[in-house]
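Mind looking over this structure? Questions follow.
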Amino acid sequence: MTLSRRSLIVAAGTTALGAVANAQAAVPYPQKAVGSVRTLNGWTLPYKMKNGVKEFHLVAEEVDHEFAPGSRAKCWGYNGGTPGPTIEAVEGDRVRILVTNRLPEATSIHWHGILLPSGMDGVSGLNQPAIDPGQTFAYEFTLRQHGTHMYHPHADEMVQMAVGMMGLFIIHPAGGEPERIDRDFAFLMHNWALRPGTFRPDPSVMLDFDLWTFNSKVFPAIEPLVVRAGERVRVRVGNLSMWNHPIHLHGHQFEVTGSDGGRWPRRRWRREVTEIVGVGQTRDIEFVAVPGDWALHCHMSHHTMNAMGHEIPNVLGASIAESDADLQSLVPGMMNMGSDGMSAHQEHVEIMKLQGPDNTLPMMTGEGPHGALEMGGMFTVVKVRPGLDAGDFRDPGWYAAPANTVARMISEDPEFGAPPRRLKS
Amino acid sequence: MTLSRRSLIVAAGTTALGAVANAQAAVPYPQKAVGSVRTLNGWTLPYKMKNGVKEFHLVAEEVDHEFAPGSRAKCWGYNGGTPGPTIEAVEGDRVRILVTNRLPEATSIHWHGILLPSGMDGVSGLNQPAIDPGQTFAYEFTLRQHGTHMYHPHADEMVQMAVGMMGLFIIHPAGGEPERIDRDFAFLMHNWALRPGTFRPDPSVMLDFDLWTFNSKVFPAIEPLVVRAGERVRVRVGNLSMWNHPIHLHGHQFEVTGSDGGRWPRRRWRREVTEIVGVGQTRDIEFVAVPGDWALHCHMSHHTMNAMGHEIPNVLGASIAESDADLQSLVPGMMNMGSDGMSAHQEHVEIMKLQGPDNTLPMMTGEGPHGALEMGGMFTVVKVRPGLDAGDFRDPGWYAAPANTVARMISEDPEFGAPPRRLKS
Amino acid sequence: MTLSRRSLIVAAGTTALGAVANAQAAVPYPQKAVGSVRTLNGWTLPYKMKNGVKEFHLVAEEVDHEFAPGSRAKCWGYNGGTPGPTIEAVEGDRVRILVTNRLPEATSIHWHGILLPSGMDGVSGLNQPAIDPGQTFAYEFTLRQHGTHMYHPHADEMVQMAVGMMGLFIIHPAGGEPERIDRDFAFLMHNWALRPGTFRPDPSVMLDFDLWTFNSKVFPAIEPLVVRAGERVRVRVGNLSMWNHPIHLHGHQFEVTGSDGGRWPRRRWRREVTEIVGVGQTRDIEFVAVPGDWALHCHMSHHTMNAMGHEIPNVLGASIAESDADLQSLVPGMMNMGSDGMSAHQEHVEIMKLQGPDNTLPMMTGEGPHGALEMGGMFTVVKVRPGLDAGDFRDPGWYAAPANTVARMISEDPEFGAPPRRLKS
């Protein structure tokens, strides 16, 4: 498995004494331990222990990133990927983070939400000189808080974040959690102007993005969140995009329990099914898992699509038979799509792959147990199953719903009458 | 009244045992009862009681919708309209909802925020097969919660929601409300890319919308919220648009008392005058009504406008007399507008109706007791009057403000001196 | 200092008995007193006391406004500026506000969030006739609340707000603050479509703005927030733009303590480092100041930029040497920028000033103690120093960080090894 191999190689290179990346095998799931966070499609950065200081090493560099099979781009990230590896530490830790710059321009890192000396805050020009290409800088501070935080550049910030430089910085409480957390997931939201047929995200775009990602992946390449029924689950969601995304979970009421301002006291928890995670914010949500396959996604419907034009002619409701015939006389198999809606897009994915622009995902994709999901972008599935081993994150396949708990076709069933008549409008 | 006629016909067709749609006449206003919610410009779906199950029937279909007189479009909705009728039920109810698909493509319904078996959750492909054109499906589940929820497709979701498929699903508490609610209003926010001169909303648009609606209507076609002074009012606001809208009420501090995550305990209520209702969220707001005519609107100023170009030349402050003369030699009555601001738009509405594109509302409109309101889109008025009968929702006309409580012209009044001198800049 | 001169002249013209504008000198900082709020780059409107009524006078007029040196525009504002002066009063006050209209079209003022008679609410057409050019109207009401509120037109609202008409209306509690506030800052957020080379913001733009401002200024023209270490600071942030902005403070966890719905009880305060301030909302944030130079900004990275094109060709990663040579043969000194990121923009600010469009700020700018800040727009610095006199708001220069508290270059330091090897991707 690629992530594990990468993690082990990194670990070997740094003689990690701490935790390793997310394991795929069933292992006991430690409370409070570094390594207990499951970064979707990601990994936790190992550290060296040096005279009581946990030393991490981030390398800012260009990376060849895959959003999903069929869509790659040159991005900028850390330690080989975007987002960078998750840093996990414990309240009270003294941490030192070395940052090596292998980019073609200067950078810096801001430790978003972390209380530290002004000179360690990472705004280049204001708090420190920028880290020039080839240089390594050391940041060092003591962690006096816990919660879900982030790291990202604060030098040419618009460009560097637009092309993928970001990571999670999670601090575990010294005194343990008020409620036992059985599974602890984390991801960062982002958006990318990767124009169809191109291989480099455009950092100058402010509004009209093509790809909307969880940890720089789009559905169906985003890992499912695998959970045992009845477990208490935390999902830590951070946002370094250009949009305040409303995150919606199906089948559960969750509690919002904290933010980049730290974990909130229990009286401040708020029950929701949809929570806006603003740009530059994190939100921790917690819930007790109910068996099933439950969608977890941004509720902006265009953000659960992949690349598409937003200024194409509107053929909804148009009569296109003649136009289709003309098209097919020129290009066999070519067709208009959208006169009856756009679900035909997914049915014709294979044709689109041949005819569409290079390096461009279909607008919607994903196959489930009952057919096409017609989704993309910021969408994944929380897969809750009874009887999983603790710490088993392997994809269990699709949910086998108990008898009589699935919406069913009753068109022919004489028990149900005709639809109600209505006023013709 | 169209809505009542439609409701009665639907009711006749389904032998409704439950509540009928919003009555226009003054009737006692029941607590907790199905039918107690006043859906702005809408109605509550009747049901049949069958062996202890409340059976509703939704028909997904194309509808001919009017946003306001002068702007119609072919949309998709339920049971003849967009939004679909409001489903009201009570915590503990067993409900069955039949869904007939009369659209040209497959659909499904997701019951947003409702706790139910995974197979009833409505994500086509994931939780169930899609409902093909011509088919009827049955969803069935027991309501284990209360609050303000929604229904919408989860199949070709971007298209189907963009053209109007959505509705409210309101569950009343089994044990009654913690505070008596005298009037209980509800609406859904949406946006539409109905290009000037066209008759079909464009589902591919992500950002640049023309119409911003409450229950698929724009001001001044949105019903006022008619209330007796001193009553406790709840307004349930849901959002299935592509924008996180800040909803602002004049003249009152309201409490935010719940969301699609359910009703919040009282200690969680928050006093506001402007509340962001995110996409995929609902918010319940409550207040005690103060006499007057009070604006209720989205605070994005472009969202209280109707169709307008956002890339027109900027003539503010320009000298246009010569250009106007040239224009009028070509087209009598034609004129530039906007060199002194845009309020001239409303003054020239009649000319614009003749000269503007077909099927396109003026940018701003609405006449009040004191002249032009210069509004459109997501704007309506809460009309609070003393002495209304309980349940009387008839428009009481404009507020007659008591003497000396209206801003007044004092230009000639010698009591007030000249404006303050200022530094010439 | 311009602001003081302007304030004094205004004060002289109105025989102010109340507070004067923000003083620059070190003076004792009064609790609860009108004049205690420090409006960034702004001032507090003096009043006359007349028979127990505090009488203010606002003049709506065109103003010649500077966003930062190098960028001016004809805007609309009040009393010579945008935003207008801050109105400060005390709960229980009877206030009368005279509004003189010197604009070329009608206007009105809505007192956002303030509880008042319907006829004083300011929606022209609905609550009152519009104030025609040349007229003066009087609004009068008693303040029955306290908190951070706003004023703005409700007549041709889209245009009038787009070009700068807005102000803060702050009401101090009659009974004192629950916690002593040592410094109390305030600003309003806004956005402007001031196209490069033009001098008039375009009010028809809905999404694609050029300038993002705090009190109509962009970095580095926004005043720093100067604070003594250990003081309790309140920042009142209002938003009358077209975007829900996430405001981020470095180095502190702040509490969100109130909104335009009033000050919240202490149990409702929420610890954050990033707070969305929605359009039409205000948020009060409070924190105890930690020594240092701390960035305070919107976290949308494009909103900390000045004017830039969002549809320029993407040359990131492109080989541009040949193209540069061609360019320079035509225009000496001309160069492509952006193939290695965009920080070169700031390095070449002087060239851009010569070659760029008139009246257009560089995309990023600002020099700090450690070099270029590469920022613009909604960005300023909270400068916290030990030992300042109470009420001393003079810029103390850059922070002198204690030894060993600044991120440092360690490239040559043998104590630290090579960066970790990684999986080549």
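As written, the chains take the letters A, B and C, and residue 1 is the first residue of each chain.
In this section, contacts are C-beta pairs under 8 Å (C-beta built on N, C-alpha and C of every residue); 3 or more make two chains touch, one makes a residue touch a chain.
Note that the structure is a prediction, hence the values are computed from the model and not measured.
Here the chain-to-chain distance from subunit A to subunit C, counted in touching steps, is 1. Although subunit B and subunit C share one sequence, what matters here is the overlap of their interface residues, and that overlap falls short of half of the numbers used.
Work out the mean CA point of subunit B and of subunit C, and you get 33 Å between them. Residue positions of subunit B with contacts to 2 or more other chains are 207-208, 244, 267, 276. Considering their complex, residues 2, 5-6, 9-10, 12-14, 57, 59, 62-64, 74, 79-81, 98, 100, 103-106, 108, 110, 112-113, 115-131, 134-139, 145, 154-163, 193, 195, 198, 200-208, 242, 244, 259-262, 264, 267-268, 276, 278-281 of subunit A touch subunit C. Subunit B contributes residues 207-208, 244, 246, 248, 250-254, 267, 270-274, 276, 290-295, 299-302, 304-305, 308-312, 314, 316-317, 338, 340-344, 364, 366-375, 381, 398-399, 401-402, 405-411, 416, 419-423, 425 to its touches with subunit C in the complex.
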